[in-house]
Every structure is written in structure tokens, then in C-alpha cells.
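My structure is below; once you've seen it, I'll send some questions.
Which chain is which? They are A, B, C and D, in the order written, and residues in each are numbered from 1.
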Amino acid sequence: MVVPLISIILLAPLAAFAIFALFGLAKRSFPRQDILSTAAMLVALGCSLYLLTEVVPKPDPYTVEWISLGSVTFSMGFYLDSVTVIMLIVVTLVSSLVHIFSIGYMHGDPRYPRFFAFLSLFSFSMLFLVVSDNLLGIYIGWELVGLCSYLLIGFWFEKDSAANACKKAFLTTRVGDVGMFIGMMMLFKKFETLSLHGTNGIFTLIADPAKFTGDTSDIVWLSGAGVLIFCGAVGKSAQVPLHTWLPDAMEGPTPVSALIHAATMVAAGVYLTARMFPILTPSSSLVIAYVGGITAIVAATIAIVRFDIKRVLAYSTVSQLGFMMLALGAGSYVAGLFHLTTHAFFKALLFLGSGSVIHAFHAMHAHHDEEHAEGNQHEHDDHGLVHEHGSEIPPDQDMRNMGGLRRKMPWTFGTMLIATLSISGVPFIFSGFWSKDKILAGVLGRAMEWNSVHHYILFAVALVAAGITAFYMFRLIFMTFFGEPRNQEMHNMAHESPWVMTVPLVILAILSFPVVNTIWFNKDYIKPPDQHHVQAPQHADISPNNKTGKVDFGFSIFGISEAHAAEDESENADDAHHGHGPAHTIAMVLSIIVAGLGILLSWLFYHKRRFSAESVATTFRPVYTLFWNKYYFDEFYNGVLVALTVWKSRLFAKFDLSIIDGIVNGVATVTRAVFAAFIGFFDNRVIDGIVNRVAKVIWSVGGRIRRIQTGAIQTYLFVVLGGIVLIILIFRVL
Amino acid sequence: MEPIKNIESLAYFTPEILLVVFAAAVIILDLLVKDQESDWVAYLSLIGLGCSLIAIFITNSLVNTNEPISLFLGMIRLDEFAVFFKILLLLATAATILFSIRSEELDVRLKGEYYALLLAITFGMFLMASSTNLLMIFISLETVSLTSYILAGFLTHSPRSSEAAFKYITYGAVASGTMLFGLSLIFGMAGTGDITQISSQIASVLASGGVSALGVLIAITFILAGIGYKIASAPFHMWSPDVYEGAPIPITAFLSVASKAAGFALFLRFFRTGFDTPEILQSIDWGLLLAIVSALTMTVGNLAALPQRNVKRLLAYSSIAHGGYLLMGAVLLTSEGLSAIVFYLIVYLFMNLGAFYVVVLIANESGSEMIESYRGLSSRAPLVAGAMAIFLFSLTGIPPFAGFFGKWLLFNAVISKGLYWLAFIGLLNSVVSLYYYARIIKAMYLESAEDTDTFSFTKSTFALLSVFVVPTIFIGFLNIFYSLSAKITLQ
Amino acid sequence: MSLQHYLVISSILFTLGIFAVLTRKNAISILMGIELILNSCNLNFVAFSRFVKPSENIVGAGAYVLDGQIIAIFGIVLAAAEAAVFLAIILAIYREFGSIRPDEVDTLKG
Amino acid sequence: MDQILLSLMIFIPLLGMIVVLLLPREQEELIKRATLAFTLIPLILAVYLFINYNTSTANTQYFVSVPWIDTFHINYHVGIDGLSVTLLLLTALLGPICVLASWRNIEKGLKAYMALFLLLETGMLGFFAALDLFLFFVFFELTLLPMYFLIGVWGGPRREYAAIKFFLYTLFGSVLMLVAIIAVYLNSGAPDARTFDIPTLITLASTPGHALADPGFQMWVFLGFFIGFAVKVPIFPFHTWLPDAHVEAPTAISVILAGVLLKMGTYGFVRINMAMFPEGLDIFTNGDGILGHSLALLGFINIVYGSFCALAQTDFKKLVAYSSIGHMGFVILGLAARNPEGINGAVLQMFNHGVISAMLFLLVGVLYDRAHHREINGFGGLGSRMPIYTGITTLAFMASLGLPGLSGFWGEALSLLGAFQEFEILTILSTIGIVVGAAYFLWTLQRVFLGALNPKYEELPEINRREIVTLVPLGILTIVLGMFPSIAINMFYVSVSNLVGIIN
């Protein structure tokens, strides 16, 4: 029953896309692509829901042999455990809602059918990624979602900013993917397979000493593989330092941002890391945790000062993904995935909400597709906009043009408020609170249990980030929905969106309440996999929960100990809040406090206007500018380029800077510079040069021989005599 | 086996006799008949060649192949080797006559003499291919030389032609004089002119210390000068470009194929039977000497051909280079090498004559031998251009044309003796050669002519052309030619 | 007189001939040089066949061979023929170039 | 009957050439149709062979061996194994596609063009089927002449230069190969037992104590063959003929050049260098130090150098040309690994690259026929003008940059997986090629298709039906093989494991 269901789940969206493609070749398009795709998604959703009843936790994967090379074989397989099913439901659900939303949002777009076709293709790829039990399969889905994100970000490719953004997204993620591929190769070399579960899957082999003697070199190898595979996640989930593509990706239509760049694809990185949980070693986990933590704080701080509503959400997404990574890195498997699902819902909601707002402002434009038509018009509109990196803020996305919308669009307001409360971690009634709290508890738990200073630091970071989250989210709400309309003319035009758009909002809002997420608290439904090679440091058994116990600064990189007690150790490591009640309570209390603090501050700043953000900004000028410029990541990447602009101008003046954006084209420019010179020099001078030189020599010799041929007979006779004498000399006398 | 006495020998000598008879007949009839316009003399001499060919087959059938006989008290030898070369030479002469009929540069007044001389030179070459005595060798060589001097200078009122003749004879006289001196020394050492005994004689004198190896070397080198001049091998090649350029095209074709072939026949027989004994091989590093000469020859020929703009001269140099390739087979005088040379000569006959025939045609049409006059030939005369392309690629040695198979045999022979360096030089040379052959191809196919009026050729022209094209394409694929060339030996 | 004397003379003749051929600036004198060469060869042949006793396995014991002399005679004949042709060609050259200096006859080159 | 099928397939194009030559030059339509027919028959035969090929054994099938030049023990010996049948199919498939691609844009001398093309096809088919070393060489060289003329006569502005350059490079390589061939022949046994028969030679070369098995000898012969093939592949630094040849050649010929001729190099390498000279191979792939890594190093250089060069191009066609240098690098890398993953990957990559690069060149041709230039920066925004063309191009690009799910990925992935077992660092460095590959393709995509439509091209006509027909089969192959690579791999993995057995 399972296999056919999964096949349907996968094939339905694929078919929707295939139909579009076939019609396309015939230079026509399917009459109602939107209905088709949406229907396909709903079918998939239905099947996924049904699977919920089917699956018992941790069955063997359903595999088929894919490629056989005689000695070696690669198999493709589906692996279906509770997590997979939940992911399936999340993806199909959000995707369906986004489909429905788009029917309204994208209505009237010249490439309306294509949009839905791409959405279907994306859904297929994402679902494929989720179900595959094989790094090869995951990698396939992985790259395909990347492709779809490329296509959808660049959906309005006439806009240069969009064209750049999609390229940047694809290439930045691909950098990570290459790391992932190398990681795969390392695993393959060690285990001669790429399947994960099952009798001869990596996760089984890793436990068997014959295949994997847990000695240092093996552990190092494994850590390396783990980190490299995590690189893939860093790219896709926009973790520092590869996060810069995600904000730019907001150039795509808003439903895309909601589906791909909030709910599903970016979460795929987290999902992958969770999947690879068993092979993570202490060191690789720590790397993951740190990357996550840093991302969380960095993104959050940047978000504070954005004015583009979509970018705020983008950075908040990055930051939330950081949280999830942090959780996984700290060994809180469940917490990470829990937050993934909750975040998927409320963030999708937020994006769709913002979409609805943008849509509302769009009414002012005669044509709906103005949002993407000539992106360069933004240069010369006079809202006194501040220069964001990449392109100017479109007026209909600039929060400074909004305000007081809550009466204009109550549904949107209401739903978005719920989501905001959820993400800010307002206690008890909102799902976001639970998941975030679980993360904090997990980190703190690990910190106490291992006495590891690293995790204490990370916990602090996470806490701060959580506070900031609350702050900037409410800033968004206040600026958008409360207060007086700042741009009256635009305000007048605003209106509530049609039902096709509001209904999804409502559904998502419902999903932001914990009731539907209780499944995550079901211990025997969701079992975290074992981490065979993560144990607490040897001396951690003094007392699991001693507050006074000296904190161990020298975290042993390879927490290798006797294999015994690995099980329950990792058990503890995961459900930290059970093993360590104190950790849980502390975390909960603190998180509530910081959330409250954040909300309070933003209320004072942006609603009550007690303090003016501007004055604070001026007093903390350096910090402000740092945030404003997003820690100068893009500038840093561009710096590589700038250093080479000198070269460039010398080597090919005709080529202008405008199309250069970020590291990608920076590298491109380097290579244009270096290699244009290099090829010019090497290919033509050296290689051809050698060839030509040889040819020249031959020619000149030919010329010389000609010159000997003087035409005077007596010279010829001289040569004859000379020849004779020479021969005699060579062969006898000498 | 006992040499046959003179009178009995005449029976086996009919092919040569027929040639002489027809030569005389041509001259006399030419004097009597006053018709200068038609080409009957040419056809008469063709008939003569035909008769002689038949005679060759008959006489050959008289001989027991594995028991060759020597005529006129051991002056000349009648064996498969000789027979092969005679047939080859006959074909070459026939082709030359046909070219001459079509060539427009030849002087109409002296047809009789011209064709008579062609027959005479063929006679001389027959002797070259079969003589086994120093005296015969010298006489045959001189016969060929003297007649070819005249033929080279046959274009009266053409300074080029006379100059060619002058250079040719000066060079040739000195070379043959030098050779004669060498022969005299050999005669002195061996005490006999019979080359079948020379080797053993010289071996014994060398052993007894009668003469020094130096003496032998000097003698051999002098002789080499004479033969080297005939086959235009470096450093005795320098006459050939000038002579080839000056001489009438049919004669150039003839010299580049026939007299080269004859020279090789003489060369092989002389050194194979005369000097192929261990003692002499010890006294001089034979293989190395010939290998160097061969390498030098092909390299000089190819490199000097590169800058040429006159196709005739270019082909002259190319034929020097081919002499070098052929010499590769002569290195170490192995039987493999011998059969390789034989095979290559067959191929060379067709492709080189074919190329020269095209030169004749173009010269007739455009009155020029310069490469410019080949521009756009592919559109002006597609078939001729195609044929020329085939000949040139074959000369370069590119499959599937016969030239490749010929080259391959030669390299095979060289490598079998472990002379990789020589093979390597040879191959590099064929790459270089592509360059100047391709220049003609380029002119014909990739460049366009100033005037694009198409050339008109007669059916017979194409017929004759196909006589050369078809073998150039197919010889390589037919086992018969390989087995045939493997059969030709010198004991 | 021993064989050596003849050989020395013939070598001198040969060298002189070569020298003439290489240096003379007149076609006629080149012809003369060639004649010298040929005659030196003839002298060789005669001398050899006079002095060198061929071993018995070629001819019967005590037999006396005239090969050398015969070759010499042929040599003379061919030399004459060559001279004739040479002179004819020189005439042609003179007609075309108005000179018989070999170094002026060099239109064909390269 | 089955026996002659192979020979039929090889020589029907030749027959076609004769027929075409006999047709009157005015009957252009007729000539085209005839050529198409004579290229379709081999395709049908190839498909037949492909289907009926017995994948369970590594023995050569459908083989014919008749004496040809007895004097030198040369036989007309043709047969197919998994490797050759795959490449035969590729060749036969590209045949008709190229004819269709040359349907409209050959202005002058159509008859000669088609005749030469048919000759070329015979040469290629024969090469992949030949099992006699001499025959192998003859067919190898047979492709030279038509190529020279096809580039030289129907090529672009600098065609003469490109043509002669191609000719000289290849000839140089092949003469070295000739020496090696003769050396092998002469060492294959006593004068009357010598042979050119490839299978026999392979067994001889692996019998200990035989002259052919001597490592020193094998090393030199290996080098001889290697250079011969390296020029064809082309392996750095013998590659400089390729960009010129590609840029100047007419579309169809570029397709053949990239699709088949480059494969002749790698195929020959597998067939001769690897199978016949394992000792020699050992020296260059299995030792320590630079020499032991030389082959992998060359592969790496090809990948990185090729892709970076491609990144620097502004000529669309040159970009594709350099990209194929890069992609052939993966083949070399995979072969250097000598393990099943690597070699299978390499062979798969050969096939896939054949298909994909063919698509790319066809697409370039389509654009060139319309805009009459190939300057990448000279376009812009075509995406909105020619959606279908854009779609297909995107597919081809994605396939070429190794997007999983499209065929290009599997070859690269397997080659890398294999290579990583042997050469970790080199392989990791080679992955740079993947990123750069993505970079130049996406960048091109952006400059040509994205952004605002270049006003010059507002009237640019959309890709027409004939062109779509030439592209669709390739596109389908790309997708199908991308999803089910085993379809191809099953054809040859047995042969490959057999080869691996010989090597180790």
C-alpha cells in the first residue's frame, strides 16, 4: 500500500509539469494549468495524510536496484518513518495552500500557466528529496529543487535584479552542493554504498565494527564527511556564510518566497542534517551548532533594520533556520524538526500575508504584473527610499509606505498577527513557543550534561536571537498594520484580498496553534535515531546536572569512549528536557522573558513612539551601520571583485560592472580577467606558439635549403664533392 | 649456373631488341612520311612498347622462375626482379608517350626523334634493371643519361629547357665519371667485373689485407655518387629540381618515375648482390650510411618543397622526398625492404604520374604551372580537381589511398630492423609533406579563381585520368599486389 | 713501373678533372675536366687489368683477361658520345643565353 | 544474416555516397532525401543491434572476420561489445539529425557536402566496429579527409586555418600511433604468426613472458597510442585545434565533431591503451608521484582548464567547445581510476556528452541561423521572444552542467566517485569544474535569454518544427537516461567489468 501511495504522491505533480512541457513543445499551453497543478497537489496531500495511518516507525526502506556496475550497485529507495511522513504532509499542505493562494495572486500574469507548472515540478522534486533513502536520490531532489528555485526566482526574468538573483541563488547553493557531493564521495569510499537505512545502509554499517572501526582516523573521516555534507545544507538553508542569496531571492513572486524560501526548500537543509544525524560526530555536530547559532543571531540583527517587508521575513527565515541547525547540532533531533514544521506553517503564513499586503497595494496599478514590470523604474520614484543591496525597495514592499492597514484588511492582519505571536514565542498557546523552547532547552541540556562551554555560549546566543526575533517581528506588525497610514494615496487603494488568498491564510493560522503539532510530543511515534559516535566526554558522568561542577573548557574534539552506554547517552542527549528538568524550566522561563522584552521594546519604539528608532540608530551609529549593511557580506564578496576591477578595466573595458553581482560574478570576473589573459597568452602564445614556432623553424629551414639551390651548377658539384668527402670522413677516418 | 653464350642469349633478349627495332623504325618512317600533324609516330612507338611487353611475358615464360638465367656470358641477368622493373618501366614510358601526345608545349617538328629517344631510353633502363657486370652497368647508365640529357633539353627556343639540359649533363657527366672511377677501383680490388663474384673477391682481399676498408669505402662512396645522382638522393639530388622544372612536363614525369625506378633497380641489384657479405658489412656501417642518406633525402626534399609556388618544381622536390622514403626500404637490404620498395614503386608510378598528368592538363588550359592557376579548380573542373586531391593525399600517405599502404610497408620494414628513429623521421616528414600538398588542395577547393569559366576536357582525358585514379584508390586493398611484391627477390 | 705509379697518375688526373669542373668559368673547360676524369678512370682499368691477377676461381689458372682494356675502350667511346651531346647543348645554351659561363646559366633556382 | 548486419550498417553510407554522387547536382531536394534515407538505415540497424545485443556476456557479438591482406595477416574483422554498440548507436543517431540540421543552411555544393558527410559516417561507424588494428587505423584516418573538407569548404571565415590545423594535429597524432601499431604487429610473434587482431593481441599482451607483455615496451607503445588519441579527445595541451575547428565548422559538423569524433579518442584509449597495455597503464595511473598520477592529472587539468576557458568566452560556440574540453576531462579522470565506477562513469559520460554537446551545438546553430552572430553579449531577453527555444536550451544547459535527474549528471558523478577512490585530492579539486560549469552556463543563460529583450531581436522567429525535430530525440534521451541511466549502463557494464579484470 505504501509504495503505490508514494508513487502517486510523486507522480501527480510530475505529471502536471509533463503535460505543460508537452503542450509547450507543440507551441500551445494546457487550458487550465492552474487547476491541474492544484488538483495534483491536493491528491498528493490526500495520500500523504493517508500515509499517516499507514506507517509504523522505522520500517526498512523500499529500495530498487538503480544502477548495477557488476561489483558495485547503486539503489534508489524510499524510506518512510514518522519524520518523513510529517515532512510529506508539511510539504504537500503548504504547497497546496500556496497553489490556491497563487490562483488569486498570480492572476493575469502573462506566464500564468508556466508558474503553476514550475510549482508542480518543485513540489515533485521536494517530495522526492523527502522520501529518498539514498544520498544519491536526496542529491537528485536536492539539485532539482535548486533548479526550480532558480526558475521561480527568475520567473520575472525581464527584471535584471531577478535575473541576477536567480543566478546568484543557484550558484551559491551549488557551492555548498559540491561540498555535499565530496562528502558523499567520502562516505562512498568508506562504506561502498550511498543508501542510508536498511541492512547494508550506511547507518547500519556504521554500527558494525567490521566495516567501521571507531578509531580516530575513522572518526576524523566521518567528521569530515559530516561537515562536508552539512555544507550542502549551509547552501540550501542559507546559513552563514552562504546566506546572501536568500534575501535576494525575494525578487521572485511572493508565493514562491512562501513555499520555497520559507517553508520547504530552505528547510530541506535542516531535513538533510536531521537525516544524517546518525553519522554526526561531536566535532561535526559542534560545527553545525555554531554555524546555526551564528546564523540565528546575525540574521536576526540584520532583520531589525530592514524596511522591505519581504526582506525582513527573509532574514527572519534565515535566523529561524539557524535555530533549527543549532538544535540539531546540539543533538536535539526532535526539537529541530519540530521547529521546522511549526516554522514552515507560520512563516509561510507571514509570507502569504505580506503577499496579500503587496497585492493590496497593487490594486493601485492598472496591471497586476507591475510588480515585476521594468524593475528599474524603482530608481526614479521618490519615496526617499534607502538603497538596499541589489535593487531599490519596490514601493509596495516598503513598510514605510504602509501602516494602519489592520482595518483595511482584517483577515490578513489577524492571521499575520497569530503567526507573529507564534514566531516570537508567546507562551503556551502558540506552537512557535513550544518548538523554540524545546530548542533552547535542548541546547542548555547538552551544555549542562557535557559541561561544555560551547553550548553555554550557544544557548546565550540563541536566547538573544529569540528576543530580537520577537522585536523585529512586532516592528513589522506595528509598522504595517498599526499607526497612521504613511502613504495616504497608496493606503486608499489598499483592499482586502479575494477569498482564494485569504482562505489559505486562515488555514495556516489554524496550523500555528500547538494542537495540530501535538504529534511531536508523542515519544513512541517519533524516535530520534542513534548517534553511535557521539558520547559525552569521559568525565561527564560525575553528575549529569551539577550547576556547581566546573565547566569543561577543553571539549575533546572526538568524544570517543567505550562503545557501551552509547544508547541511553544519546537518548539523554536528545530529550534533554527529560534528563534535565532544570534545563527545561530555566530555558522556558528565560525564553518567555526575552520574548516579552522584545515585544515590549518594539511596542515602545514603533507603536507608542516612546523612543525613536532614529535616535537610537544615531547613538549606536557603528552597530546600526553594521546591521544595515548586513555585516558587509556582499561587500566582502564584492571586494574580491573590486580588487580586480583594475585588471578588468585594463583587459576588457567594454565589459561593464552593472551585471556583476556578488562573489559569483566576482569569480567570473577574476576568471574573465585572469583567464582571458591566460588563454590569450597560454592557448595562443604558448601552445599554439610552440606549434607555430616549430612550423616557422621548418619553413625557415626550407628557405635555407632553397638558398643552397643557387642555380649555379658548380655549387651543386661542390656539394657532391663535399658529400663524398663527408661520408668518407664520417665512416672511416673519424 | 652457367651463363648462356651470346647467340643463344638473343632469344631471351627480344624485348630489348624489339625496342631498338621500333626506335629505328620510328626515325626512318618519320623521315619518309611527311605528315607532321597527326600523332602516328607516337602510336607506332606505343605499339612497339606493346610488342616488347608481350615479348617480356613470353621470354619470362621460357625462364624457370626459381632458376634465373644470365645472358651474354653473365653480362645481364634475366630474373623476376628484372622482369618486374621492365614492366614497370614500360608502363611509365607508355604513360609518358600519352602525356606527350596531349602536351601542347612539345615541338611538333621533331616528333620522330622524340619518340625514338623515348624508346631508346627505355631500352637503356631495361639494361639498368638487368645488368650484372660493371661494364654493362656503366654502359646502361650512360645510355639512359645521354638520352635523358637530350630529352630534358628537347624544347628548342626554351631557355629553361636548355639550361636544364646543360645542368643535367654537366652534373651527370661528373657524377658518372666519379662513379666510373669508383667502378675502376672495385674492378681493381676484385679483379673481375662480374658483380656476382665481386663480393666474395673483395671479402678475400679484405681478409688477406690486400686492400684497406678505407679503399672499399672510397670506391663504394664514389659509386654511390653515381647511383645517388640517378635516384636523386641527397646530397646528389641538387640537379633534379632545376632539371625537372626546365624539362617538358612529360619528361619530368618520366624522369621522376621511370629513371628513379631504374636507378633503384640498379642500386638494389648492385649493392644486394655485390656488397652484401659480412666482411664488407663489417668494414662499413652500411645500414647507418643508407639510413642517414635516406633521412637526409626525405627531409631535404620535403622542407625545400614547402615554399615552392611552382607546382612542377614542388612535385620535383616531393619526388626527391619519395626517393628518401624508398631508400628506407633499401636500408639493410632486407627482403622485406625489397618487397616494400617494389610495392611502393607500383603505387608511386600511378599516383605520381597521375599528379603530373593533371599538371599537364592545367598547363595546357591555363598555360601556367604556378599554384595560382589551380585556384577554384574544384568548380572549374571538379573531376580533375578530385583526381588531383586523391593523388596528393595518396602522396601524403593518408588512408584509404594506396600511398598510405606503401608507406606503411616501408615503415614496417624499417621498424622490423629496430630503426625507430628513421621511421619517426619518415613519419614526421609525411606530416610536413601534408602541408605543401594541402596548399594545392587549398588552392583547388578553398580558394576561388579570378575567372570562373569551366575547363573542358575530352572523354579520353578522363579515361586516361581514371587509369591513374582507380589504382591509386584500390591497390592498397588488394592482397594480390602484396603477395606479388613479396615474391620479387634477389638471391 | 708498378701499379702504384699508374694509380698515382690517375688520381692526379681525376683530381685535376674535378678541380677544373669546379673552378673553370667556361663550359668548354668544364667539358675538358670531365674528359680528364673519364680518362683517369680508363687508365685505372687498364692498369688494373695489367697488374691484378684475378684469382683462379674466376678464370682458369694462368689465364690472361682483357676485361679492363675492353671497359676502357667502351669508356672512350662513351666519353666521345658525351662530349658530342655536351657540345650540342652548349650550342643551345649559347643561343639562348649568349654566353657559356656556367654561373650565368642560373635562371632555375630555389 | 545477423553476421552481415554490422557490415551493412558500416557500408550503407558509403553506398549512399556513390548514389549521391551519381545524382544530378540540381536535384537538391532529392539529394537531401537520399542522404537522409542512407543515414536512417544505419540508425535502424543500430537500434536493432542495440536491442538484440546480449548484455550478459562480454564477448564480441555479430563479429565477422574474413581475410583481407593475407600477406600481412590483416583481416576484415568487425564486431561489437557493450562499449562499441553504445557509441555506434550514438553515431547512427547523430547521422540523420545532422542531415536535418544541414537541410537549409548549406548554400554551395550541397551534393559534395552530403557525399562527404556520408563518407564521414562510414568512417566513424567502421572505427567503432573495427576489431583489427589495421582496419581500426584505416577507419580512424578515414574520418580525416571528409572532416578537412567539410570544415575547410563549408566553414566560417577562418575555415582554411581551422581545417589545416585540425588536419595537421590529428595527422601528427596518428603517425605516432602508426609507429606504435607497427611495433605491436612486429612484436606479436614470429614473422608468419604476426597479427593485427585486437582480441588476440589483448590476450597475447596479458600472457606473461610474451614480447608484448614487457612493461618497457608497453610504456612506449602506450605513449604512441596515447598521443594519437589525446589529440582527438582532445587532452590538454593537444586541444588548441578544437576551438578553432568548432567555431569555423558548420553546425552539423560541429555536432559530429563534438558528438562522435572526440569519443573516438576516448574509445580508442579504452579499447587499445587500457585493454591492450595494462602494464603501460599501470605506469601512468597506478604508480606514485607525478608519473603515477599523470593521467588523472591530465583529466583534472582538462576539467578545470576547459571550464575556466569556457567562462572567459564571449563567443557562444567557443564557449560550448571549451565546455566539451572540460567534460571530456571527466572521462579521462574516470578512466584513470581504473575501477568499475570510474570506467562505467567515463563510458556513460562519453555517450551523454555526445548527446548533450550535440544538442548544444544544434541550439547554437539555431540561434546563429537567425541572428547571424554568436556574440553572447549581443543578445539579451530572448526568453520572452522564443520561449520554446529557451526551454530546450535551459534543458541542454542544465544537462550539461550536470544537474541530477538529467543524463549529464550520472557520467560525471560516477567518474568522480570512481576517481575519488584513487585520487582524493585531484578529484576534490576537479569538483571546481562543476561549480564553474554551472557558472558559465547560467551566466550565458542570463546574458542571452534573461533581462529585458534586446530591441534588435523583437522580430526573431521562434525555433521551427524541423529544428525541434532534430532536438527532441536528444532531449528525450537526456531526460530518460537522466532518470534511468541503467538503460545505457546495462549495455556495457559487463564489458567494462571484463576490462577491469584485464587491467587488475
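General remarks:
We adopt the following convention: a contact is a pair of C-beta atoms (placed from the backbone, for glycine too) under 8 Å apart; a residue touches a chain by one contact, two chains touch by 3 or more.
Every value quoted in this text rests on a predicted model; they were computed, and no experiment measured them.
Should one ask which of B-C and A-B has more C-beta pairs in contact, the pair is B-C.
Averaging the CA coordinates per chain and comparing them to the mean over all protein CA atoms picks out D as nearest.
Annotation: 25 Å between the Cα-based centres of chain B and chain C.
Distance between chain A and chain B, defined via averaged C-alpha coordinates, is recorded as 80 Å. Mean C-alpha position of chain B lies 44 Å from that of chain D.
Chain centres here are Cα means. That of chain C falls 66 Å from that of chain D.
Touching two or more other chains at once are residues 18, 21, 102, 105-110 of chain C. Multi-chain contact residues, meaning those touching two or more other chains, occur in chain B at positions 166-167, 170, 174, 178, 241-242, 307, 435. Every pair of chains meeting the touch criterion is listed here: A-B, A-C, A-D, B-C, B-D. Against chain A, the residues of chain C that register as touching in their complex are 18, 21-23, 102-103, 105-110. By the touch criterion given at the top, residues 393, 398-400, 404, 408, 411-412, 415-416, 420, 423-424, 427-428, 430-431, 434-435, 438, 442, 445-446, 477, 479, 482-483, 486 of chain B touch chain D in their complex. The touching residues of chain B, counted against chain A in their complex, run 166-167, 170-171, 174-175, 178, 213-214, 217-218, 221-222, 224-225, 229, 234-236, 238-239, 241-242, 284-285, 288-289, 300, 303-307, 432, 435. The touching residues of chain A, when paired with chain D in their complex, are 21, 24-25, 27, 66-72, 136, 139-140, 142-144, 147, 150-151, 154, 157-158, 160, 162-164, 166-167, 170-171, 174-175, 178, 181-182, 184-186, 188-189, 374, 655, 659, 664-665, 667-668, 671-672, 675-676, 678-679, 683-684, 686-688, 691. Every residue of chain B that touches chain C in the complex is listed here, in rising order: 134-135, 138-139, 142, 146, 149-150, 153, 156-160, 162-167, 169-170, 173-174, 177-178, 180-181, 183-185, 187-188, 190-194, 197, 201, 204, 241-242, 245-246, 307-308, 313.
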